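Take a look at these structures.
Here come two complexes built around chain A, the first alongside chain B, the second alongside chain C.
This part shows the complex of A and B:
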């Protein structure tokens, strides 16, 4: 039984509960024991590094120090933003021990040694578990389902820090989806930023950026978008009605977490996937599994996000 | 019109270079960053222009522009920069200098973005973990946009996407102490 130190992040009990829940189902099937960091704190997300230098490193450092007490070699993080913050902190402090010592003075929980590796959950599933193992566990193949894998900007960038997959055109999630029997459509917007933390402070930026991603995914022939980041899921799903309203477009494109599809393919029932949490309903897209591919829906409207924005 | 003397011209450039760990003089203005940046159309001066302004020592213009505040830190620009300049890091340095020197843009959008970040950090200081309901409510109140996203509330609360009560940490005091200690470090003179 593999053990993985787990950092859930603030959204795991709220906006991305379905991600956390299905991740735990999947890890059970993969025979990985999740060791949650005791009394972890918020990583500071975007706000800490935008506004501060030292606090931005201190917040993740506390979690890294607590992770070391669990004595597992790797820490897996579900949220892409939390992953980026912990990874960047580890990168900066491993590079500069003087800085590490300085930031360490802000916490009481121990001394940082840099002994735990930090990976995103997508990276862990792809690298540490592998495609063959995933294929062997598939009970209900997702044949007939066409997905656009959306990675967002933080899972594979900056390349020097993440050292995972491609910063321009990653394929890890695509390969996982293909291993489950789904078809991963070619999708050029897979790493275009969704607008991230501007969701609350500058919603119009998110509507524009996420709108283009949704539209492009639809034009690529996808039945749904698959994500590995709570903020991306929130922007593409919760803000989708807003996009439709602002740009006079019809999208109806559900957004699911890759762990939900893994859980489904591994044999879990649809009612175990917390599908009720989605704003854009997913049932219609999931009904395509096991059916003959339909003729590609012709988009009749001449209106697009870009054309409406230009007005 | 450049009105700064040669000495001043290099002080800002040197400071940004040192704090960001980059060498902005390497930039040969190819414009790939601006072309790639998903939010360059929202910026007063585009990423390419920001590099040039810093090179020319146009400190006031750079600090007052909204550009660094719109930067998403998505690293699409630095991934493609042929000189491998860490542009997001340069943007971050500009923001930090603007905060330290108390220079704020007159733009309402920038003020809203900064308010959001202040509220977010206050939330983390209080609870140690996120409390989205408070974050959204406080942001609406402080930006006097009381009904923003109200239409989302029924589905978000009903589906349990946003919780009514905050998550609690056992050692929330450790976070308050961390904030205070980090602030003391910020107040130390920059090396």
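This part shows the complex of A and C:
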């Protein structure tokens, strides 16, 4: 059995419980044992890194040091913001041993060696598990479901630090969804900003930014948006009634974690997906699974092929 | 034992107003090897040069430092002056106390003076280490190599050849013409690109002083200034150019169709082909990668078709050597591969194309006869969006420098799209 050091982050124990819960279901199916870091602390999030560099590096450093005691080669992080903070810290400290030593003196939990790789859960599933393995485990294909994969700003950026997928038009989640049998629609807003933590201080900013993402996803013909970040999920889901009011539109676009759909396709009961946590109801969209998708586009492309052959 | 003479110039007011030239002389005199130091209003003038010559003879100087303007201005003047006094001209050293000191430190005379003293000290030290150099003459091979047969290489070859110097022009593709042959119009005059280019291509082919070596690449170059030996690989064309008349019957009968590079894959060419109708030389070559005879040993239609018997499937690559005295590198540019830019739909949508593909479409000689079409369905687009500067100044996934001429390309393409 493969072992993965797990850093859930604060949201996984609160607002994104359904992410944490379904991630555990998925890892069980994938035969990956999650080793949660003992006594982990806050990553510092936006607050620390806009105030002081020392604290912004020291908080994730402590988690990285604790992670090394578990002796797994990789640490998987559920929250995109926690992932970015830990990944940046590892990048900065591995690059500059003098800085690493200096920051290390501010904690008393041990010495940092840089021996643990930091990955987002999306990256872990895509790279370490792989599409073939995912395909082999699908028991209930998500045929007929059209999804818009939304990555947000942090999972693939900055490229020099994340070294994962494309910074502007990533496809890893799209490929995972296709492997489950769903249709991933082309979606040009997949890395636009949702407004992030302005949800609390200036929610109007979030309404306008998330609103554009939601409208575009709707226009792309998606039945739902799939995400891998708790804050993206909360903004797109929780702020949706506000967006509908502001833009005078009816969206009704559920926002699900990719792990919820993985769990469903791997044969876990729909009741186990914690669908009650969603503001925009999910059930209607999930009911499309198994029904034939509308084949408008395919018919058109077939025509083109025929005309090309005729030429 | 070194005996250095130092000559500090006022340059009128240029130096003297901002550098204390008397102090520079006094400081310089403290240096052990300096046997003579003086300043003068215009050291480059006839009396100034006379001063230097006289001092060299009277003080038996072994090297000279002139503290004045940039060596680009008067190094030659002073070299000649000291050689007239019997010193080797390369024993001169210039301390540039004008451009490097007085002009840039006009608000601080004290510091400018101190810096000038430092510059002179350094020049003195270097002049002591200088060795006598003697000019020699080396025979130069009167023949030039031009690498690349695009418009730059063509024009370079013609200019050199018109001066009655033989030129070897090497082009890697079957025809000269390069990128310009693919263009419809030039910017900003919107002249017909072909009408400027093709007569020059013919000039190259017929010029008595130009040896055109097409379908070949430079694989080695050695030698020294003015005397190079260049190795050129003549790629096997499988067509005997001396007997081939360029009638084109072979291409017509060839059964193999492959994407045409000249039109960036928007139409097909044959396995035995000439890249475009106006090609120079107008002789076909066989694409060994796709020819059925060369890959599978069966077909041979072109050989049967050719009345002149010019097809030779056994032809091999050949290395030839030429001696040249100068090399012009005119290898041109490659189209930037925009595939990292998925956000613009590159590679995702068939209707996202490069500017050169668009250029081919609007060209009268292009695959669509001058009409831009959507590759996905062959329809004429109602709207065209131009994305400029893709990859430009993008350290993360593009090129760190500015592409500089994107605006011209865009303006021209816009004109083509609307006309």
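Rule of thumb we're sticking to: the second predicted complex is superposed on the first by the 293 of 311 C-alpha atoms of A that agree within 3 Å, B and C clash if a C-alpha of one lies under 4 Å from a C-alpha of the other, contacts with A are read in each partner's own complex, and residues count from 1 in each chain.
The rule we apply is simple: a residue touches a chain if its C-beta (ideal position, glycine included) is under 8 Å from a C-beta of that chain, and two chains touch if they have at least 3 such contacts.
Model, not experiment: these values are computed from the prediction.
Residue contacts after overlaying the shared chain place A:159 against chain B and chain C alike. In the overlay built on the shared chain, the residue A:62 is in contact with chain B alone; chain C does not reach it.
In the superposition on chain A, A:49 makes contact with chain B only, not with chain C. Greater residue coverage of chain A by touch, when chain B is weighed against chain C, goes to B.
With both structures placed on the common chain, the touch criterion links A:168 to chain B and to chain C. Contacts of A:230 after superposition: neither chain B nor chain C is touched.
After overlaying the two complexes on the shared chain, residue contacts for A:186 are found with chain C alone; chain B is out of touch.
On chain A, the surface patch touched by chain B in one complex and by chain C in the other comprises residues 158-159, 167-168, 191. Those residues of chain A that touch chain C in the complex are listed here as 158-160, 166-169, 171, 186, 188, 191, 304, 307. Residues of chain B that touch chain A in their complex: 38-39, 42, 70, 72-76, 78-79, 86, 88, 92, 95-96, 99, 109, 112-118, 120-121, 124, 127-130, 132, 135-136, 139, 148-149, 152, 155-156, 159-163, 167, 169-171, 174-175, 177-179, 181-183, 185-186. The residues of chain A lying in touch with chain B in their complex are 10-11, 13-15, 17, 39, 41-42, 44-55, 58-59, 62, 102-103, 105-109, 153-154, 157-159, 167-168, 191-193, 195-196, 198, 200-203, 205, 209, 234, 238, 276-277, 279.
Partner chain A is touched in their complex by these residues of chain C: 340-343, 348, 376-378, 396-397.
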